[in-house]
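Okay, so chain A shows up in both of these, paired with chain B first and chain C after.
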Partner chain A sequence: MTNILWPIITMGALGLLFSIGLVLAYKKLRVEEDPRVVKISEVLPQANCGACGYSGCRAFAEAVVKGEASPNGCPVGGGEASEQIADILGVKVEDTAKKVARVLCRGSLEAAKDRGFYTGISTCAAAHLIGGNKQCSFGCLGFGDCARACPFDAIEMGKDGLPVISEEKCTACGICVEECPRDIIELYPVSQDILVFCRSRDKAALSRKFCKNACIACGICVRACPEGIILEDNLAKIADYSKIKEEHIPAIEKCPTKAIGRISQE
Partner chain B sequence: MKRHTFPHGIHPPELKHLTESKDIETVPAPETLVIPLHQHFGKPAKPLVEKGDDIFLGQKIAESDGLFSASVHSSVSGKVKSIDPFSHPGGSPVPAVTVINDGEDRTDSKILKKEMSLEEVARLSSKEILEKVKEAGVVGMGGAAFPTAVKLNPPSDKPIDCFILNGCECEPMLTADDRLMQKYPHEIIKGAELACKATGAKRIIIGIEDNKKKAYALFCQQVKNCPSIFLSESERPFREVALLKTKYPQGAEKNLIYALLKREVPRGGLPFDVGTVVQNVATSKAIWDAVSRNRPLYERIVTVSGSGVNETKNVSVRIGTPIYHVLDFCGGIKEDANLLIIGGPMMGIVQWTTDVPVIKGTSGIITWKVSQAPLEFSCIRCSRCVDHCPMRLVPTQLAKLVKYDHLSEAESWGILDCVECGSCQYICPSKIPLVQWLRLGKTKIISKKRKKSA
Partner chain C sequence: MELLAIFISAILINNFVLHYFLGICPFLGVSKKIDSAVSMGLAVTFVMTITAVVSWIINHWILIPKKLEYLQIVSFILVIASLVQLVEMFIRKASPPLYQALGIYLPLITTNCAIMGLALLAVLKEYKFLETVIFGFGSGIGFTLAIVLMAGIREQLELADVPEPLKGAGISLIVAGIMALAFTGFSGMIK
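Right, the complex of A and B next:
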């Protein structure tokens, strides 16, 4: 019996000693932390995607409390998160429209011609180094760098060789926008459903030769709604979406190459 | 005979016999030329002409924009048809001036018909030489197209003692420099002396690989016979010819300096840092033409070779001539040819169309018939790429780091020292596209750095 007594006493005494040490350290060395940082961190999505420009959700929360970042700076959390953050800080934020990433190219495998037989590395970035695998030097390369980069699994490569972005899953973090070497993905408000699906600034004759679905700058859409749509660099451009009214849309949709029009809902 | 060389490197089949006995022929200027405004390392030049303008041969049509840019000149006389982006050997379209040739070759009165006498050349100061080289838009003609005026103007705290003339032409198949050396030895040597005057170098070494015996023999003789642009004996730089082992990439600047002088250019450094300047022999001739005749760089010598072309040739071509025109001059391409490379077979860029122009850095046009692309296998860690990398890097590891986006680690493994010579990929038994991986990594790291500094 006494054999076990001594170990219990020594271990107990050691434990007591260390716990006193810990208590003292806690009292003396404690760093005061703003409770708001913890609260804000809790309402953030914890995806640590970096879309806000900070290294993670926690860093963003600290920046918001310090006043370096705006409460609506988290594109993933969107309006809901920014409202909650504003509540915690006791400020008001203006409502930000939810955005979504859109693919601005319809140069599918069938529509856009290949340059030749590309045998290099199967990533868009690598293919872009040598000018790309397609004849069009502005369109989608189709190797899916965007799909691999998306942290929310919102992008899938479709059978036609173009990325398909799920509107529900997309959080508008903008990582795909950064990743795409051809800059064909852009963030748009969800409500905007008329877009130009082409980025080719080649002259009409060339872009028509390279891709069936390229904008040929014929101006049909511009005539349909001159206030909202302009031609720039051989390419139609929506200058002011608010000017495009419902009655203009049938005329806009007469686009011979379907390079401008409504987003197809599949 | 001592043959200089560097450690590592490879021995690809030389295939120089296809064109080495063919003298330089002149391709007649085509009816339409497309002269890209971006033919050099650095920013594209700013156009000076407009649509419909009448231009003459040698007129400056674009002004250099920034330090590392070079001017562009017209290579024919005629009318400007348009200034639009046009396909470029580099892959992506760049702005280019399309000129309709009137066939008259009306030249600028500034361009001298006859060379200036040696006394007149001797009177030029180094500043005047630099100004003339810059005005003529001379760039490095070995392929990288670095503006020569920048190279000949080293920072004042870096004294230059040795000027190296690069006559290696280590790329397989190319013989353009070989033929040029045999045809214009005096112009090349005098161009090198002008470069010595501009940089203050007191020694010229002409490095020639031992598969160019004729050029070597000729230069050994001509370094003694060629008159000098320096009038007083004491100012003359010491000329010597050095024989190099035939090995790829012997002509890469840093390897050549090591082979000849046993000096190692530090990481991230330039040849300035070890007191040398290296120029290609074709550039040296361009310097001579620019200074002695005010003649801008609008013509160059190109090797047309490979199994896909009917007649292999060395040709003198105006800058801006479409590749299909040059190939037609060489009897056209064979029906089963399916690969077109601009540059040498090791470092050249594969083209998808023959409608691209010859530019200042185009050293060769190689057409080939390939049966099928090599299959890629996994790395078997044989370390052949490590044994052959002339920059003593670890290509397989670098490729892996780039693949998994560990860019800062790749940088610490020295990825930015890679010269993209292609030795690793040539030697790789698994046929991994190592060069493309390394190039991708370099591009990503450099663009990231630019973003940070902006």
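Right, the complex of A and C next:
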């Protein structure tokens, strides 16, 4: 009997000792927590998948409370979780227009001329350092830094050398926007379907030589809708999308280089 | 002299990660940035040293006199789990950014086999009290060394053009293997 008693006593005593130690330590080292963080953590899926862009559900909850992340930032929890989070925070989930990342360049392999044969490290960041492999110094480099950076696999490099962004998968996290050394990816509301697909500020004579789809600042689109579109630095710019009406669109689409127009729905 | 030999051996020759292949989880998990690798190493060093001390005391003062050696594993787990809780509380209070950086790997020190291995190896090698302390501390430093080296290499790897199938875990494991191979160069340094 004693040989079963001793282990029980020793282990029990040790356990008790350590737990008392921990309780004392907890009293000393307790961190005051925002109760909202705890509550938000509870409604999150606790998958710690990192799809929100934070290191885990807890980190996301903290970011939401701090106001850094939006309550609907958890793609796994979806609408249900975001409503509950909004309840906890006492705000309403605004039906903010969903945004997506758009690639503002149509300088495909075929359209944009190469400057030479690039054999360096095959990332956009590296190619950008030496001015890129294309003649146009504003366009897409085509090495897919954005596709690699995308945590949601929303970006694929198309056969034409340009990234293709899936509207469904894109969460507008903005990582690709930051990753692109040429700043040709930007976030736009999904509903905005007229965009200027060129960033070249070269003079028309040059950009026409460099790329078939470059904006040559001819002004056709500006004449079609002067309130909405302006020319700036040899480049058409959508100054006010709300002024572009359905009736303007056919005239805008007359763009000789297809540098402005509807997003192609492939 | 004996103590120095144990210390050096724990760091270089019988390195926990690169010789015994223990503690691989944090070794791969927290070795992306040197900063967090250093903090992880220090946290593990702390837990290892204290574990070595406490487990020696429990083993020699309680378990051996009562002939309860078969409870070693259970009681060591108890020690490790409590210590990690303590470290976690302390880090959370002292440095929230570090707490963030270590993330899930901090509570996972509990299940870090390097620490359990240390407690059991110290028993197996029949170390005396001071030797156990040095062994624990040295092993912690050895772990820190390995994880920091790994983090340094992986920071460079970020810039390298790694073949597609080997990206991420693949290249990390290859690097770890080569490091372990390199560390066998130290074997035989101390008899």
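For the reader, a short list of remarks on this structure follows.
One rule holds in what follows: the second predicted complex is superposed on the first by the 184 of 266 C-alpha atoms of A that agree within 3 Å, B and C clash if a C-alpha of one lies under 4 Å from a C-alpha of the other, contacts with A are read in each partner's own complex, and residues count from 1 in each chain.
By our rule, contacts are C-beta pairs under 8 Å (C-beta built on N, C-alpha and C of every residue); 3 or more make two chains touch, one makes a residue touch a chain.
Only a predicted model underlies this, so the values are computations on that prediction, with no experimental measurement involved.
Once the two complexes are laid over each other on the shared chain, residue contacts for A:129 go to chain B alone; chain C is not touched. Shared-chain residue A:79: touches no atom of chain B or chain C. In the superposition on chain A, A:137 makes contact with chain B only, not with chain C. Of the two partner chains placed around the shared chain by superposition, chain C is the only one that A:7 touches, whereas chain B remains out of contact. Look at A:203: by the touch rule set out above, it reaches chain B but stays clear of chain C. In the superposed model, A:15 makes contact with chain C only, not with chain B.
Once chain A of one complex is fitted onto chain A of the other, the partner contacts of A:219 are absent, as it touches neither chain B nor chain C.
In the superposition on chain A, A:121 makes contact with both chain B and chain C. Looking at chain A, you'll find residues 121, 123 touch chain B in one structure and chain C in the other. Per the touch definition, chain C reaches chain A in the complex via residues 58, 62-63, 66, 68, 71, 74-75, 78-79, 82, 85-86, 89-90, 92-93, 96, 100, 103-104, 161. Within the complex formed with chain C, the residues of chain A that make contact are 6-7, 10-11, 14-15, 18-19, 21-22, 25-26, 29-31, 48, 55-56, 59, 121-123. Listing the residues of chain A that touch chain B in their complex gives 115-117, 119-121, 123, 125-126, 129-132, 135, 137, 201-203.
Residue ranges of chain B in contact with chain A, taken from their complex: 84-85, 90-93, 349-350, 352-353, 373-374, 433, 436-437, 439-440, 443-444.
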